[in-house]
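Chains: A, B, C, D, E and F, in written order; residue numbering restarts at 1 for each.
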């Protein structure tokens, strides 16, 4: 078992996917931002008319997915065909739940794009709410589903 | 209690900091990537000579701090004077621990820069190791310390 | 009368503002997107609950203001202290009216930042609505007010 | 009739083009910058030897077309195969006329790329000339021709 | 013999590659940074444990290859499938030798991506070492091999 | 003698300049592109009317200076107050000579900005001419003058 992002001398490399076939690929990632109950209530109460934190974070997540190769050093630049980011309030657990789904027909997977979308959407929730709650935390950012590609499907257990 | 990033009509705005004084500001953020014990061992064993995951992630985090205003819609563009990102293996808890410290003399804080550095360093750890462990998770991304600025210091409890 | 962005040999140059004093500066720009009456009605009807075109365009305008120096070859990179973008429906004239206000304490003005915010907000309105109306037009993008700096205030007549 | 950039709940989405076929696509956009007659004369007189405003704006437009997906939140990242931007003086109407043509073989159209190229070329003309004429205006930015793709050709009337 | 990046009127254009077939393409570029012998010794001595200049420069080169179309005005945006950057100390000639290899299946070559990777890796070596040696020089940045595409293979003599 | 860009453990760091005073700083860098005599003649003959390679490269260099902190991992983001790039034909030595001058009032120097401007201008010359001459080389990229800052002036010998 070894890392694919280093060569035999330990030098960082972008994995060569030139010989891979283009296939339909999808990745779903998820995460959450936990906050004080009052913060979650404030996000909820402001959704209609006074300023929708979740809508801003959704856009930030979508735009960040497109910047993944600029941010993650060894990621391939990819022409994503679909990015969707969903945010929902989980009032019982005082959290904003975030899910991102990315698709491409390409030579490499889009896990990092989905994870980046979730992370930047979460950071944006933090930014929008930090004046009222600096104790928020980003938790459980993870890959949920991956399909397409030679390594076979992945499903979070 | 209300959000600073919306005006009275609920429109998203960048907070106007024109009238604020320039002061020395610092923010420390932290987070971790949890992984299978074998993955943590592999990261450890590869540090000397075969490819240093943590060194790649450190650079990615530093570079991402500089891109914060590109990623987070309502963040101000800032001329950071210092960014440091530290990654360390926590073998007992099967985790990579990440800390980022940002400094500026400016009109607004650098929390988002530190949190972005931690998040992108964590995403880079995921990217480097995902061929061997897709079940890794990014956890506990949070603000640890904030000093400078009118709102007073913040210290994670 | 001559251009400031060329030297005596006609070579493009970034104007040297090193010797200028830092002063408080503001610029207001405006413009509009004209559309079919049905398109304007659709934007209006979708604002509550079904998808707010103007909110997406507002964010795009704010983010674009921060990218001005990346887009306009001879613009100085600036640390904007405030960006506000407003969009409103003008149903009588079948248009979306867009205004952007930028502020900085710096050595050079922020007209281009305000104009870039208006233009990208307008382009985003077009993008969001183009499936139903390809005949929309961006009109009257112009500087409305400029204050601060040696050249004195400017007010659109 | 509804917007394609929102889902049934009104959340902004990037349209999923994964299932679309790759076809040859082209878009032509146009617009103009109006200015004082003296400004147009100055642009004309400086073209040979003293600094070519139109050449700088042409390059800015070409480069901006490549940044479209960074600027317009729900645009897909695209590997453009051709971008051409033309600028010409219209002395009779005291204007700089701008046209941009983009091409791709891909799953989605390039209207936004052409419109972005026109807009940024126009902004660059403004920037280059604003020291002598702050009253310039960007007008009539619009789609002229679109071919390729399922929705059929579009021709400005 | 004429330039491909200008039209008949001398206007800069991005070459239209829409009609070209997608083929496998590769480019190898090389260059070096010359330095004082003490600087080369310091780089060598720090490689283990104290800070690896070459590893930082390698990552910078890989990331820069992905930014080529942002930097070089008339370059096409490309979805690179492989980027490798190698740096080695040439102690006899007091130099850091840099090689970059880029691959793609596409309509245009990747020479500029390989040359950009070498240049930015070299600039990064300079940046890392400039506190001890401002007299370093970047030399011999050139195309070594190019394969694929209609114009046939190129091999540096 | 040691590197400033690594901490005591050998981790890459952005140098902390928070405590430095803001002073006027300038850096001049230079370099050249060598080419076949026919290529130099073609650049010269095309300058009037048929397409000015040097004007395109000048703009690319200016724009690249503004992107330096995006490219060089440990560079600070800076608000440059002046960037000038000059290109001249040296027909006797079959070369394009490139010089870049950057200025700032800030806490850190602008050597990297000037060197990046030279490098990207040189790469752009290569790109514009590569269809006629793949054997061009970028040579002698170096710091010529540096003033301002605690370490004192530097003058190339």
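Note that in this section a residue touches a chain if its C-beta (ideal position, glycine included) is under 8 Å from a C-beta of that chain, and two chains touch if they have at least 3 such contacts.
Chain labels with UniProt names: A, B, C, D, E, F = Cyclic pyranopterin monophosphate synthase.
Since this is a predicted model, take the numbers as computed values, not measurements.
So which of A-E, E-F or B-E matches D-E, with over half of the contact pairs the same residue numbers?
From the options A-E, E-F or B-E, the copy of D-E is A-E.
Once you count every C-beta pair in contact for both, which comes out on top, B-E or E-F?
Looking at contacts between chains, E-F has the larger number.
Can you work out the whole-Å distance between the CA centroids of chain C and chain D?
Measuring from centre to centre gives 15 Å for this pair.
Round to the nearest whole Å and give the separation of the Cα centres of chain A and chain D.
Chain centroid spacing, chain A to chain D, equals 31 Å.
Among all residues of chain E, which ones touch two or more of the remaining chains?
7, 11-12, 52, 55-56, 59, 63, 67, 70, 73-74, 78-79
Can you work out from the touch definition every pair of chains that touches here?
A-B, A-C, A-D, A-E, B-C, B-E, B-F, C-D, C-F, D-E, D-F, E-F
Mind listing the chain D positions that touch chain C in their complex?
1-7, 10-12, 31, 38, 42, 46, 49-53, 56, 59-60, 63-64, 67, 70-75, 111-112, 115-116, 119-120, 122-124, 126-132, 134-143, 146, 151, 154, 156-157
Residues of chain A touching chain C in their complex?
48, 52, 55-56, 59, 63
For chain C, which residues are in contact with chain F within the complex?
So the residues of chain C touching chain F come out as 7, 11-18, 20, 69-70, 73-74, 76-79, 106-107.
Where on chain D does chain E make contact in their complex?
Contact set of chain D toward chain E: 24, 55, 58-59, 62-63, 66-67, 78-84, 86, 103-105.
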